[in-house]
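Next come two complexes, and both contain chain A; in the first it sits with chain B, in the second with chain C.
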Partner chain A sequence: MLAGENTMTAGPAEIASSDFGRVLVQRERRFATLLLAPAFFALLLTTTFPLLFLVYTSVYRINLSMPFMNGFVGLENYKVLLADDRFWHSLIVSLVYTISTVLLQIVIGLALALFVMNMKRGQGWFRIIAILPVVLSPAVVGMIWRTFMLAPEFGIVDYLAITAGLGSKNWLGDPSLAMVSVIVIHTWQWTPFAFMVLLASLASLPEDIYEAARIDRASAWQRFRRITLPLLRPAIVMVIIMRTMVALTAFAAIFTVTGGGPGTATEILNLYAYRKSFTELSIGYGSALAVALLIVTIIISAILFAIRRSK
Partner chain B sequence: MKSFSKPTRRTFLKTSTAAAAFIGFGPAILRHARAQDASLGAYQSAKINWRQAEGETITVAVIPASYFENLISLEAQFKALTGIDVRFEKVPPAQIRQKSVIDLTSKTATYATSATDPMYYSLYAANKWVDQLDTYLNDASLTDKNWFNYEDIFPAWRGANSVDGKLYGMPYDGEVTIQVYRKDLYEAKGIKAADTLEDYMKNAAAVHAPDNRVWGAALRGVAGAGQNMYIYPSLFREFGGEWFKGGKLTVNGPEAEAALAYYVDLMRKYAPNAASNWNWPDIADAFSQGTLGSYIDAHSSASVVNNPEKSKVIGKIAYARWPKGPSGKRVSSIWNWGFPINAALSEKKKKATWLFIQWAASAETQARTAHKFAGPTKRSGANRESVWKDAEYVKLLNGFGDNFVQVSMEALQSDTDVDWRPRVPQWPAIGDTMATAIQSALSGQNTVKAALDDAQKRIEPMMRG
Partner chain C sequence: MNARGQVIFKDIWKKHGEFVALKDVSFEINPGEFFALLGPSGSGKSTTLRILAGLDAPTSGRVLIDGNDVTGVDAADRDVAMVFQSYALYPHMTVAENISFPLEMAKVPKSEIAAAVFDAARKVKIEHLLDRRPGQLSGGQQQRCALARAIVRKARLFLLDEPLSNLDAKLRLETRVELKKLQRSLDVTAVYVTHDQEEAMTLADRMAVFMAGEIQQIGTPAEVFAKPNSIDIAGFIGNPPMNLVNAKYSDGDIILGGQRFKTAVQITGSRDVIAGIRPSAIRIGADGLKSRVDLVEHLGDTAVLDLDIGGALMRVRVGDENVPKEGDTVSISARPQDFHLFDPETRKRLV
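Right, the complex of A and B next:
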């Protein structure tokens, strides 16, 4: 009876304890879901939904100047897109812009990082000054360059060009110079980012390998090629991935500096999509262009990630 | 209430100055107050109930320009007259079109009315985004026709703001493009204002001396439907171009090529390098620094080149109508900022908006923002013939330089018509495409012919739908 009583009392307690654990876990999970829900919904609402809506509008004809023609058109917008010279032109401009800015950022950023690593004094100051362009808004950077740096005759760059005997150049009025200008501007603003990341990983490289190399009488170039570069590879690839994604979707600086001009010389895909949607009011086709840009960005990032994983 | 609970620096200054002034100049203030009261009389003589929408608040989008600033400064008078609160929002011209379109498509009714580009009414009307104003004009409870005298407003601008004969936007302030030139430079070379485009090129060559920092001439170079595509249409029409050849919108062909070639030629030979990215304020600034011999742009830029604080050429400026083109025509621009009524508003707000529009476009308010305006910057784009015939207004404007009033009036009355640019709902797309084409020819990215043919190729599917 007593034992029975014991089992009677112990039994439910045991069951209760395992049950309790499960209930706790369940409650915990529910609580976690509850905590996560607002952020999750906010994210869904602000990123996923607009993205799906973009894809949805891209299969419709939505033209504000001819509302009576609006309706579902399936893949028509994409067919038009593939035959649109200006789309291909802007895609090429985008790729040229991306590849050249990313390459320049890596090369200059790495050079700067190597230079600063060997600096005995003033490294901190250099870092602070170097980071300044990054914290500026691209639109502000655009305005600075447009008025202060590149304006013919009065701009600093043009003044230097005249002093150097090159003569006054129409930096933003000539198609190829305008392209060079926007590439330089983007590089100027974002090289410090590459520089900071590469400097940080340079600082973390093990000193003993270099010591061993020096004992083996490896030249500076050999040390750089055989040790520094391979060890920096993960950082470099990461910088390439991040900068590529940003360069592909750049907008504000070009918009304020050239607006895609002269003509269409600096019209990157993003800008073309914007103009189609908001200036020409052809929202459906503009969405298709934006989706095309999204696809291009995804493909390029996928390739870069694959490269990163491959070794 | 708010000012009592939260005395800001401004209200403090206001009340304390008012108090001080009152103690010192009590009687003067009282006289002034009486004058203010009487001044509403000019409006109260209209046989309508100005207070029928009392208590409403409306938001009006305008561009940051002196002609709207003057109107904004009279807002208290409007409030005293009607009891309606007006909140002004200043949006730069490049963005106001987009912001308005976004507001209208989403039917949020943020702007009761907004300063509107006349080229946009076809688009607005096609989407039924704005109300026909004829309904309001013909409603005796809302408009006193004799008092408002709609027919006094320039017919060209009324026409530009109408679609199929129905008015959609009330003209508030407008402009025409004219020749502006340095009479001292012209006299020194023994030349006169150009009568033909050919002469204009020759004049530019005659005064062109970049080594002395004087360039021959400049036109708007920056791309935009309201920038380079605000000057090119005049050249196109002067060279004999027609937008709708046989009912089909055509932007290429021999006349177009000749017109664009002329533009590119003039700009490359005689304009400063930087002008390919210039809009009218940049041109006016360069002219007032004495570095330009001449330009063709809006008559309203006269107030910039006559700004006593900045301009070095005051007293040396003269004006003339557009030079004639090979077709024998002079073609000026047609432009005004008008006020439509957003169709998404409630009935009462629509009434309030109409009262505001009627007030702003009335002869009295036009005069009070122009020659009767107390501040330093007066308007030069009043919307009515009666104002332009007012001796005081004429005196004010003739201070801008030789022939100013005569030239502007003639340009307005005989050098322009509503089909100056293609008035179709697709205009935003067409204007942008043309602007890009003009700039690509100017920068040498394309030849003149290739740029225009490409534009034609892009515009055709837009029109087909």
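Right, the complex of A and C next:
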């Protein structure tokens, strides 16, 4: 009885206050929308619109060298794509390139981070030097490697190979060596990113649990396997996600170093789409390739995010 | 069985650059003993425990466990268990995984681990929490989990660094009693760090009192309480701590506030001393030193009086009957054996 009375008296007051609250929320939402609008339109204009346009062009035949053949073809481009050996080849190159560069970045970055964590002095210097490759433009990195590092006889790497008795190698001319080279270049440039993220994550781990583990008689390896690795897991997964997306869509470094060659040895999907569109001027088919890359990227990131969410 | 867990600390020094954290610390712990390291904050208790655990190396000196020199031996090879002040639980493991970790590292067969984990958890009453992670436990439960992790492996030494300091007052008292029972039933040597003298007094068989990186006294709690061997210890132990006042000594007597008191101390000549009297040893009676009651603190079954004797403060603990009022004048005296005399220069006890 009493409770009923209470709700009755509280009723009007509640309505009034929630009305007032609603007005406030509405006002705030309007203000927020106003603030967001310019950025939202800029984003719409620069990402969503080109994307939709890409999908649109992918269902047309647009060939700048044969404009008289242009016109709507429906899913024809995609049908051709599925039967295109060069597409499947470039997809495999993309996957090999992505998986190996991301794995290498994680392994080397983690090893470096562990090493630097245990350094008594010089940590600051190491960080500054390590971060340098990241701030360079990938195109510049490509040029540096092509000229300073891998040029026959004069490049540092080739010089080292000669002094090591391996002899001069055609680093960018031999198909499998070229693949190795572009993987190494990407890894060289982006490992510092993984290193910095993992180092920060390592530094935030509590020190006392390592002492507890020593008391519990865990060896250095066991401490790494049972404590460091599980605690770094979120950071590692995050780095994998970010680096995978970038590696899948890498372009500039490979473009400047090998241009996708020799032949199609280092032609990742992205480069193939570029070549089709702007070298062979078959823009409709190039768009279909780009859409395929988009789909592949979305599928892989969905898988990675699912992994991240599990446990 | 009981021959395990003997510790000898020999002339241990520990320096951090110029700063001397431990000055020539030496002590022995007998197997099965509950040994407390007591001292104020920053006096070097944790440093001592860490050196004993093998987490830090001493600058000089030697550590022996069960007769073996372990000075250069890493914590992993010393066969000691430890409860950290911060608990140091593995945050990504469940309580059960935390407790089983030391067993897994010791390569105990899987079939035995589950039973041992449950047994240890039951001893500290957290067997219903085995599936939780440390982040989902209260402070007291985390402390018990850390305790279970330490007792699950039958280590020869059991080290505890202020394990109760994060608990509330009531839980601290309960856990204190359980800890003592646990140590007795496990029959292990325990080294217990605390800044709380009451904890040390109730738990320890013997204790070492640290002051500024040095051990000032080693003995049973009763000995240290009855015969503190320096002014610093006298002022640190007991609640409220011992009254310390300037006095003049001659021929077995001291003159305090113009009044002559008999003491049990016999030294030749007359000299300045610092006289110590425990608040509980002071008698209020018909005759003695007249003094005014400045303040009365009622503590339930007892009361503490702040007396003014010639400008100096003297605190007295009395029963709850006939408590004087503020502003009253009372006469105080003490038995001769209740006076502790200290040298004002060396701050050591005069015997």
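Here is the rule we go by: the second predicted complex is superposed on the first by the 281 of 311 C-alpha atoms of A that agree within 3 Å, B and C clash if a C-alpha of one lies under 4 Å from a C-alpha of the other, contacts with A are read in each partner's own complex, and residues count from 1 in each chain.
Operating definition for what follows: a contact is a pair of C-beta atoms (placed from the backbone, for glycine too) under 8 Å apart; a residue touches a chain by one contact, two chains touch by 3 or more.
Given the structure is predicted, the values throughout are model-derived calculations rather than measurements.
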Partner, of chain C and chain B, that touches more residues belonging to chain A: B
Chain B versus chain C as contact partner of A:G263, first or second or both or neither: first
Which superposed partner A:E211 touches (first chain B, second chain C, both, neither): second
Touching residues on chain A, where the partner in the complex is chain B: 63-69, 86, 151-153, 168-170, 172-175, 178, 259-265, 275, 278-282
Contact footprint of chain A on chain B as seen in their complex: 98, 101, 105, 123, 126-127, 221-223, 225, 272-274, 276-277, 424-429, 432-433, 436-437, 439-446, 451, 458, 462, 465
Chain A contact footprint on chain C (complex, rising order): 53-55, 74-77, 79-82, 84, 86, 88-92, 101-102, 105-106, 149, 153
Chain C-facing residues of chain A, complex: 206, 208-209, 211-219, 222, 226-227, 230-231
